[in-house]
Amino acid sequence: MTPQAMMNLVSIAPEVLMTVFGLILVVLDVMTKGEKKSMVGYFGIAFMIITALISQPAIGGKYLGFGNMVMWDTFSYVFFVIFALAYTLTTLGSVEYLRDKGILKGEFYTIMFFSIIGMMFMVSAFDLTVFYVGLETMAISMYVLAGFNKKCAKSAESGVKYFIIGAFSSGMLLFGMTYVYGATGSMNYLEIAEALKNGAAENATVKIGLILMLAGFAFKISAVPFHMWAPDVYQGAPTPAAGFMTVAPKAAAFASLVRFVWIALEPVAGLWGTFFSILAVLTMFYGNLVALSQTNVKRMLAYSAISHAGYMMIGLVAMNKEGYQAIALYSLIYAFMNIGAFTLLGVLKNKGMVEDERLESFAGLAKKNPMYALGMLIFMFSLAGIPPLAGFIGKYMIFMAAMKAELYWLAVIGALNSALACYYYMRVTIYMYFNEPEYEVDATIGRSAFITSFIGAVVVLAVGFFPSAFISFVKHLLV
Amino acid sequence: MIFAVLTLLGPLVAFLINGLLGRRYIKNAAPVVAIAGVSVSFVCALILFYLVSTQGFSVDGTLYTWVIAGSLQVPFGILVDPLTSIMLIVVTTISLMVHIYSIGYMHGDKGFWRFFTYLSVFTLSMLILVLGNNFLMLFVGWELVGLSSYLLIGFWFFKKSAADACKKAFVMNRIGDFGFYIGLLLVIFTFRSLNYSDAFNAEAIHHVKETTYTVFGMNFSLLDLMTFGLFCGAMGKSAQFPLHTWLPDAMEGPTPVSALIHAATMVTAGVYMVARCNALFSEAHMTSQFVIFAGATTAFLGASIGLTQYDLKRILAYSTVSQLGYMIMATGVGAYVAAIFHLFTHAMFKGLLFLCSGSVMHAMHDNLDVRVMGGLKKKMPITHWTYLIGCIAIAGIPPLAGFWSKDEILAMTYGSGHTFAWLVGTGVAGMTAFYMFRSYFLVFQGTPRDQHLHDHAHESPIAMTFPLVFLAICSVLVGIVFGYPLEDGFIHHFLGPVLTPAHAHAHEMAHSTATALMALSIAIAVAGISVAYLFYVKMYPVLPEKTVKTFKPVHKLLLNKWYFDELYDFLFVHPIVMLSSVVFWRAIDVNVIDFTVNAFGRVPMWIGSVARHIQTGRIQTYIFTMVVGVIVLVAFFYTV
Amino acid sequence: MEHILSILIFFPLAAALFLLVFFRGGKSTMWAAFAASVVEFIFTIPLMTNFDKTNGGMQFVEQTWWIKSLGIQYYLGVDGITILMIFLTTLLTMIAILGSFTYIQKRQKEFYIAMLVLETGMVGTFLALDFFLFYIFWEAMLIPMYLIIGVWGGKRRIYAAVKFFLYTLAGSVLMLLAIIALYYVHGQVTGEFTFDILKITSQYAAYSKGFQMLIFVVLFIGFAIKVPMFPVHTWLPDAHVEAPTAGSVILAGVLLKMGTYGMLRFCLPMTPYATITMMPYVAALSVIAIIYGALVAMVQKDIKKLVAYSSVSHMGFVTLGIYALNQAGIEGGILQMFNHGIITGALFLLIGLIYERTHTREIADYGGIAASVPLYATIFLIFTMGSIGLPSMGAFIGEFLVLVGAFEAFSDWAILAAIGVIFSAVYMLWMFQRVLYQSLNKKWENLADMNLREVIYIFPLLVIVFWVGLYPETFTSYIHESVKQLVEHMATAAVAMK
Amino acid sequence: MLTLAHYLVLSAIIFSIGIAGVLIRRNLIVMFMSLELMLNAVNINLAAFSNYLQQMTGQIFIVFVMAVAAAEAAVGLALIISLFRNKQTINADEINTMRG
Amino acid sequence: MNEIFMNIGFWVLGITAVVSSLFMVTRENPVHSALWMLLTFFAVAGIFIQLDAEYIAAIQVMVYAGAILVLYMFVVMLLNPKSTGFIKMPFKVVLGGVVAVVLFVQILMTLMGTGVIKSTQLGNINYPEGFTNVKAFGTVMFTQYIVPFEVASVLLLVAMIGAIVIAKKD
């Protein structure tokens, strides 16, 4: 094998491996019945672990194959691990939920699994075609996941909403992409960058094309004003799917965005810097302010997810190494805390411990079920970014990046927003701990959901105390 | 040194024993402990006095370093000099007598042990006050006697009046202490030390004599400012105008307390302090003028109010105020020795008078209104005679104690050229004689006005009469023993070295003038007594009633104590309470600050609840927003 | 002795975990928690005895990398300024736990766990020498305190807890940015990117005046909220009133000290130019706090609220002393921090224990109870007097030193501050009179006096109050050298500034 | 003379009509059709640029767009059917149960 | 001659495409809309041919007109939805139209502002010797763009599974 062929193979090997595993899952799905369907998910976890173990690139190693089309490096790997974690946690947390809802189907896991392949392509793409197809793979999977609970009108509604708006945004993305392609003459990131450097940036169509493209990206990361779908979709989607959707696709969008803007758009940094700083401010404020007035916890978490995208955008705007490292770390931590929170939310609701995710129905949860209340408390404070919990480390890295880039004003706005955000997270804890229960419920929660929330909580605590490992994990990231 | 420490230890140990074990174990044996403690002090005081007077013994030692802050080091130190030893004598004597007296007086009270515990605290504090060798020790004692006073006035705390009175006493004193505090700070600022030995160093004082100090943009002489601050403390403690109003109210406490604290010892602490700081005060001319003014005013105010009161203890209280005014006035004119001398004699006879009043009260079932008494001389002979001796002493009839000291003060005042002050002083002497004898006549002479009460009256037990007799003897003797011959007696030689000799002026005064003054003051006293006799024996009750009718507004003014309490309420208490509750608390704290704070919470909530309506749930709206977003962004980037 | 500081920090946390796993609430939990706090307190004794008082620098230092890639260390140390605070913290926690045995009736296990976790946070805050570590502990304290107020508090506990939390948080989020800014600026100056407090401090001369001003203001606001200084004090009355006794004790006793501690450790030495410039303004704020706090305290109807406002007033003295920037002032400030912790802590305990019996905190509901609870009355009186600043008790020494220091630095403000001495007597005694004196309210005729447990937990405080008052050197000797260094540091900076 | 601009403008017109269609119609299926219209506009652009740049990339991208369009059509219509089963409507105005 | 032919072709096809898409958007009956869309698809296919993309034109007809449109028709028939027409509020209809126009104007202005695009005349793509459009397309597709092509297979697989799982009646 020539070195080039070797390179090619390595660059795409993880995805290929994943695809093979995905196909095995499809087969497994057919072979299992009823309760056993959860095996599909568990096998998926095993496959993820296998892939993660064997696909780890050497530190600093870059495998760019297929004519600069796909890149496998630490950056891709770290985000792959994030997706894998999101998958693992969601799978563990979802079995019980799906069973209770009567939608325990292997497809849930298969689709989630394939969506991760799409995300991996998005992240490792060095060419807009690969990126686009990966993006759509992910997006279509997400539409399906959102509408997965067919019997529930809300789920169907959220699926359709997500789908229509998503398709619209990818239309805009594409339209923008065509102009960029037209002006630079290529779909390849490196060539785009080259062309932009050589004067294509002067071309006015590039500007409008980029704005349309970035708007498409902004849609994926749910940045204001392209965020409108997010609360409705998260609220309607099956809770584990919602948890997954707030984490993995967003991380993928951010990662691919980082790749794109750092490599392809490096010559027009001013443009996207301004673009995302405007959006970051809007996103943080809008997400937090509206979350304040929510009475449905799931919806509140949806808005909070929007605001978290705002914080992460600060890392993007910082335009330094710390910035995207912070984004990676943030996504990683966010995976644990948000999926943990969503899992708990879903399970508690299904068991009747909370009603309809209403805030008031959380009253006295600490009495009804102290362990889960404690878990929820940890997730809430972590999301709020209170040390020593993991969420703080994430925010801290973001602020570090912003300060380094001398984006003081953005850092200040971010900090103020995180103070503002505290209130609505706290409100959940207020109801859980400070109020008397509205009604008594006797219910036990299954093992897998417990494990998910337990892992989430433990990691959230552990990262708070020993962030070193996590930080050094992302420290080797290089775009 | 050892004796000095022992002096302190006596009451301290007594206090600890009674305080910790009193309620459960000692109970009625409390006086034994307390008296043992104070006896130790008394004996030590006598020994110290003996040593100081005969061997020129003195101590200025440090027990340990108390406060250290950078270069400033304040020792917990003891100073024994003639002034101290005199004060020790006064304090321990009266204290011992009151302790003994209290066995009888407080017998059967629920808080018997508590009372003696407090008395021990007081004695201890007072001893710290006089024994300290620096300003901070003085201040400690100063505050601690305030505490004891608070505790003892409020001994019967379930009476609202007592509870009010003790608080008032403490707060009024605190107002003075504020000044004291500033004084202290200025002393530190000036001398970098709080030790008397550093502060009263003539060279150091000379050094800062001309220095001015800026406060709130105004320039003052440093010494004036410092001494004025210190004097504010004295005004509080010694009940000088305008901080005098607490003392009469303090009579809510048990009578022995009034005798000990509010007549003989604590209230004279101010005089002691000014005398102690004579080195500073004599250089501070502005302050001296103020001291004289305050003293004279107080003397007059006290006496004038005393004229009309009907409550026996209040009469004595105003008399105390008035006498304190005398002493302060004396310090103002530089007659420190005279002031201390008067302090000494006053302690004896005023202590005696108060104890007598307690005895009367005991007999009259705690009734103190002089209008219902009368003719008690038969029923209570010892009380009667001792009270009479006290009255004569205070009126200033030779050779009893009051004459010697009071006359000296007046002479000094005249001699120093403060004629107006002298005039006031002389007038007050007459008034004093009048109202003291007024009380005497009303209580002991004449016919009983409430037969029922009279029938049940009886002489007090021995525990109470013994102190009366003892103090009566003292009242007769101390003046002549210590003060004879006038201005050249034992006390002058004794205190002279510590208290700057008072007067150039005095020595210049012709002998004939001195004699004339003496005669005048005796005459005034006699006149006062005669008028009292006329009013309250001969022509009672016609003449008093007629006088009251004639001078109705004046009488009312005096009866109501010049309306000082009401004035203070109107000027300070109400405005401050209103300001605090209406402006500071309700308006600023709640409605401005907290409102703002809550607004930081509410405004985002409000914005959020408005902004959420953008989220209509319709796909078209969402897409519309996206498109508008793109349009705006495009427009933005094309214009930028 | 090697890891005494780490032990001090993490022992309570370990104990909390132990409680979490092995206990099910009830009596045994209480005693276990108490035992843990006693052990923790005992750990401070070797710390106190082995402390080298002639050394003004950091002692018992522990230093390893925590997050090496970001220049964050696990760096602990204790100096004269902190050691008293450590002592205070462990002592008060112990007492507060003992004082909660009967007060806390529901969810006992959680309560004691929260208390122990809180202790970890507090000790950690005082010991951290790494800015990042400090911030972690600083914020981490909020959660247990928030729960203590919110779960076991009074009627308006939710409002109070939220207010406490958000208020403090709002102050400290910007602090985080200031910390990061210092990190970068220090990095630019020296090439070494670190959160080491001592290193960042040592480079103060390299920070421009404008930068110092900015950092100062941000840090100061964060700390001032915690102190709390006028006009950011309004969380305090609510939090104090609603918190359970132990919460109030810790809040008043330790948490408020964090603000002033922060000023001493950060504002002063790190941004000396700004400190010197801002000195008079801070003094003005302090004086306003002293007088305003006292006046507002005077008209309160709720005992706890009154004591809460009195804290504002007393803490005003602390800040006044600290910003006098001289030996006497700073020492006085530190000592006053200590005293205020002891005295106000004791007052809250006393109020708490009577509240357990009467279930009211309205002053008007009481009256004359000294007749039925004489021992209580006596002890209450002692602490009332202590709070007033009666000589022979601790607070006097503190106030005195503060005023001496302040008088040297800004005499006019010191004079105004001394007025607080009057008002403190007014409001405390007025309250005392209305609660304990006057005629006995018939309702409380059969009120039970303090029992043995209550006497036991008050007793150490009683001893300390007099100890500090009569022989403060036991305590001040710890702080002399450190304060001296700090003052010299400020003086050097002042010279450099000119 | 046909320039690149002609095609680009044509595609822009169709794209705008597509957007307008999404915005003004309330039948989900028609809205979806409008989305297809937008994709067609994209395709015209791509083909035009492909011609202009003299390379195949643009045309190849069209194939991917079509593949995606087909996939979307499958999933999207399935979702619409699922919604219709639940709510008996495919009226965009009526699927607003989640809002605020 | 060729050029005139091209010109005529463009205008005819272009106008057809625009008009038919306008009709598609504005017809109340979804079936009509679908039929108008069909016309648009054909017109666009013609444009592709003009742009030297014969292969694309072919699959445009096959995929869009043949597959996707049929799917639409099928669903329309299946659901036979009662609701047709526009969103109810005319104000919003106008607003929707307005923003679409505004966006169009912005794009137009951009295009007009770019000289290169305005003046470039399009011609035929020059293929290497022996290459036709399809061959060239295939060569590039299966060499350079093999990866996205493979990814597209995953995409279609997901879409298939998803469509089944959603549409299937349990």
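By letter and in written order, the chains are A, B, C, D and E; residue numbering begins at 1 in each of them.
Assume contacts are C-beta pairs under 8 Å (C-beta built on N, C-alpha and C of every residue); 3 or more make two chains touch, one makes a residue touch a chain.
None of these values were measured; they are calculated from a predicted model.
K.L.:
Please find the path from chain B to chain C through touching chains that uses the fewest steps, and give that number.
P.N.:
The distance in steps between these two chains is 1.
K.L.:
Average the CA atoms of each chain to get its centre, and name the chain whose centre is farthest from that of chain D.
P.N.:
B
K.L.:
Just grab the chain with the largest centre-to-centre distance to chain E, centres being mean Cα coordinates.
P.N.:
Following the centroid criterion, the farthest chain would be B.
K.L.:
Which chain is most central here if centres come from C-alpha coordinates alone?
P.N.:
Centroid comparison flags C as closest.
K.L.:
Of the pairs B-D and D-E, which shows more C-beta pairs in contact?
P.N.:
Looking at contacts between chains, D-E has the larger number.
K.L.:
Distance-wise, how many Å sit between the C-alpha centres of chain B and chain E, to the nearest whole number?
P.N.:
Taking the mean C-alpha position of each chain, the two centres sit 103 Å apart.
K.L.:
On a C-alpha centroid basis, what's the spacing between chain A and chain D, in Å?
P.N.:
26
K.L.:
Could you put a whole-Å number on the gap between the CA centroids of chain A and chain C?
P.N.:
Each chain reduced to its C-alpha mean, chain A and chain C end up 42 Å apart.
K.L.:
Where the centres are mean C-alpha positions, what is the separation of chain A from chain B, in Å?
P.N.:
Each chain reduced to its C-alpha mean, chain A and chain B end up 77 Å apart.
K.L.:
If I count partner chains per residue in chain D, which residues reach a count of at least 2?
P.N.:
Where chain D meets two or more other chains at a single residue, that happens at 15, 18-19, 22-24, 26, 31-32, 48, 52, 55, 57, 60, 64, 67-68, 71-72, 75, 79-80, 82, 85, 92-93, 95, 97-100.
K.L.:
On chain B, where are the residues touching two or more other chains?
P.N.:
601, 612, 615, 617, 619-620, 623-624, 627-628, 630, 634, 638
K.L.:
Pull out every residue in chain C that's touching 2 or more other chains.
P.N.:
166, 170
K.L.:
Mind listing each pair of touching chains for me?
P.N.:
A-B, A-C, A-D, A-E, B-C, B-D, B-E, D-E
K.L.:
Which stretch or stretches of chain D touch chain E in the complex?
P.N.:
Those residues of chain D that touch chain E are 1-10, 12-21, 23-27, 29-30, 32-34, 36-37, 40, 43-44, 47-48, 50-52, 54-57, 59-60, 62-64, 66-75, 77-82, 84-85, 89-94.
K.L.:
Using the touch definition from the top, list the residues of chain C that touch chain A in their complex.
P.N.:
These residues of chain C touch chain A: 66-70, 107, 110, 135-140, 142-143, 146-147, 150-151, 157-158, 161-162, 165-166, 169-170, 173-174, 176-177, 180-181, 183-184.
K.L.:
Along chain A, where are the residues that touch chain D in the complex?
P.N.:
Against chain D, chain A makes touches at 128-129, 132-133, 136, 140, 143-144, 147, 150-154, 156-161, 163-164, 167-168, 170-172, 174-175, 177-179, 181-182, 185-187, 231-232, 235-236, 294, 299.
K.L.:
Which residues, counting only chain E, touch chain A once they are in their complex?
P.N.:
Residue list for chain E touching chain A: 106-107, 110-111, 113-114, 116-117, 143-148, 151-152, 154-155, 157-159, 161-166, 170.
K.L.:
Using the touch definition up top, name the residues of chain B that touch chain C in the complex.
P.N.:
Those in contact with chain C are residues 23, 64-72, 76, 114, 136, 139-140, 142-144, 147, 150-151, 154, 157-160, 162-164, 166-167, 170-171, 174-175, 177-178, 181-182, 185-186, 188-189, 213, 215-216, 576-577, 579-581, 584-585, 588-589, 593-594, 597, 600-601.
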